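Just below is one structure, and these are the notes that go with it.
Chain lettering (A, B and C) follows the sequence in which the chains are written, and residue indices restart at 1 in each chain.
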């Protein structure tokens, strides 16, 4: 049991961040929302559909209205940037090729990479790959986009670009964005609302400015990046003296 | 890789593969030999077929003129019946005889046809009347010993 | 002492259970692949692409190996047959060993190490870099979109490759036997044609290569799909593909040979 009772809601046009230290159940939450995992108990509604009683076809139907950005983009390495973005269109629609082309170029233009259409993912930098992946996740104009650690392993410039892009796409396309991250500084700049998860429960929530000023020990430690706090630096262990055999002396 | 390039290469690949299969079937195997040409079948009964197998060649004067298509046992006459499939282009007289021979040292057995002298030719479903079965080594030795002892007995009688 | 025995038995038991369990999962995976082949056949372009990457890219190794195996057969066969004074049977020896055994088996072994390992590595990497998960998130079934086309592409390629291997081998045997050593060309071909039967030998060889193709491909696909999503996991899975499918080829070959050439 990783998650023990999360009450979370998101509105259209909002960027919601879910934060917490590694292994707190953030990824599990994403898997639940996307239907990759089924909750053992409880209610889970995404876009008005009850996910608990949904079969495989239902999950797939739901996912067409859902975009997801994976940690490192997860672009298809055997396809060009263009084919990557065209993939969901070709799989799910019967649009004629020139229309697919127009739509793909439109999405690529939105992330500023129309010029990179004929490159392969191996020729892209980490930030560019993630922008392409973002263009791919919005290809079918979903209502909700999930981001799994969109800021991991990026240089400061790319970080800013991605953050900016998430905000801008959410506003212009009128989507709901759900960002799972532990990058506090970057995400606090762009999100509307933050949930903090620790050990499977929501420990704090609020707007970014509220959380910056928060006095809750866990949030304070997390936001300011302190080594000691409720999350201990030491892994639970017997006393150091006893382990070194000095207890007997 | 361009889609047309892939198409081209796959086309070459499949064509080469089919060509290889055809090569194996036509040039290496015996397809297109007698199976393709029109044939007729005749039957020959033998007391003993020895090691003759289906698909063994049927030769006349050393030339392959057909194949053994089937071997079965006639439970009324207690004989082996071999069905010979012969090429339509070779016609044999009705009194042609069949005998089972062995070729080479390795002992592949085949059926040799000796043409007779009659005017009418063999037709589909006919049976060959004169046949000579396979020579079985044990019988041969037995015969030899038997005739030897007969000779000796005759010699003794003569004394 | 008693402890050691129990431990050994327990290890044996857990290995057996594990192996059986994996075989069960692999069988289920095979069934799923067949079940989800509809997409692949509706979009032949997907299969064509896989024929390219498994078949066309294995062409060089198959053709060159076939040629050399045939040349060695010609040389060795001649040495042996010569002592019995039946050099003319060289054609039979080369053709029968290639068409019945070496063609399907060696081509499948090469196929396992060339195309099989590539399939495992590709699928394993797609899994490790979350490409399969991304596909599933886009409501596209990876088994239908990735696995099934690869399966059919490889299964179509395999018999063609085996036939090319045999044909090249016979050509190699011809080169050494007839052109180089000087065995009579007429008897080389005619004896071969008299002894090789299309149904009994050529067809059975093709059936063998189809069976091997299915076995190698499903092992390669399953190992890739089942690989732990790490660099180490993928590399281990690739090794396992080559080892498992080689053993499977040889074992299946024995079984098939026993069934096919029982009466001959």
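In this section, a contact is a pair of C-beta atoms (placed from the backbone, for glycine too) under 8 Å apart; a residue touches a chain by one contact, two chains touch by 3 or more.
These figures come from a predicted structure and were not determined experimentally.
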Chain whose averaged C-alpha position falls nearest the assembly-wide average: C
Chain whose mean Cα position lies farthest from chain A: B
Inter-chain pair with the most contacting C-beta pairs: B-C
For chain A paired with chain C, centre-to-centre distance based on mean C-alpha positions, whole Å: 43
Chain B and chain C, separation of their C-alpha mean positions in angstrom: 36
Chain centre separation in whole Å, for chain B relative to chain A (CA means): 77
Residues of chain C touching chain A in the complex: 122, 125-126, 129-131, 133-141, 145
Residue ranges of chain A in contact with chain C within the complex: 34, 36, 60-61, 63-64, 66, 68, 70-72, 74-78, 87-88, 91-92, 133, 136, 140
Chain B contact footprint on chain C (complex, rising order): 45, 48-49, 51-52, 55-56, 59, 84, 86, 95, 99, 157, 159-161, 163-164, 166-168, 170, 189, 192-194, 196-198, 200-202, 205-206, 264
Chain C contact footprint on chain B (complex, rising order): 1, 3, 6-7, 9-10, 12-14, 16-21, 23-25, 27-31, 33, 35, 53, 55, 57, 64, 104-106
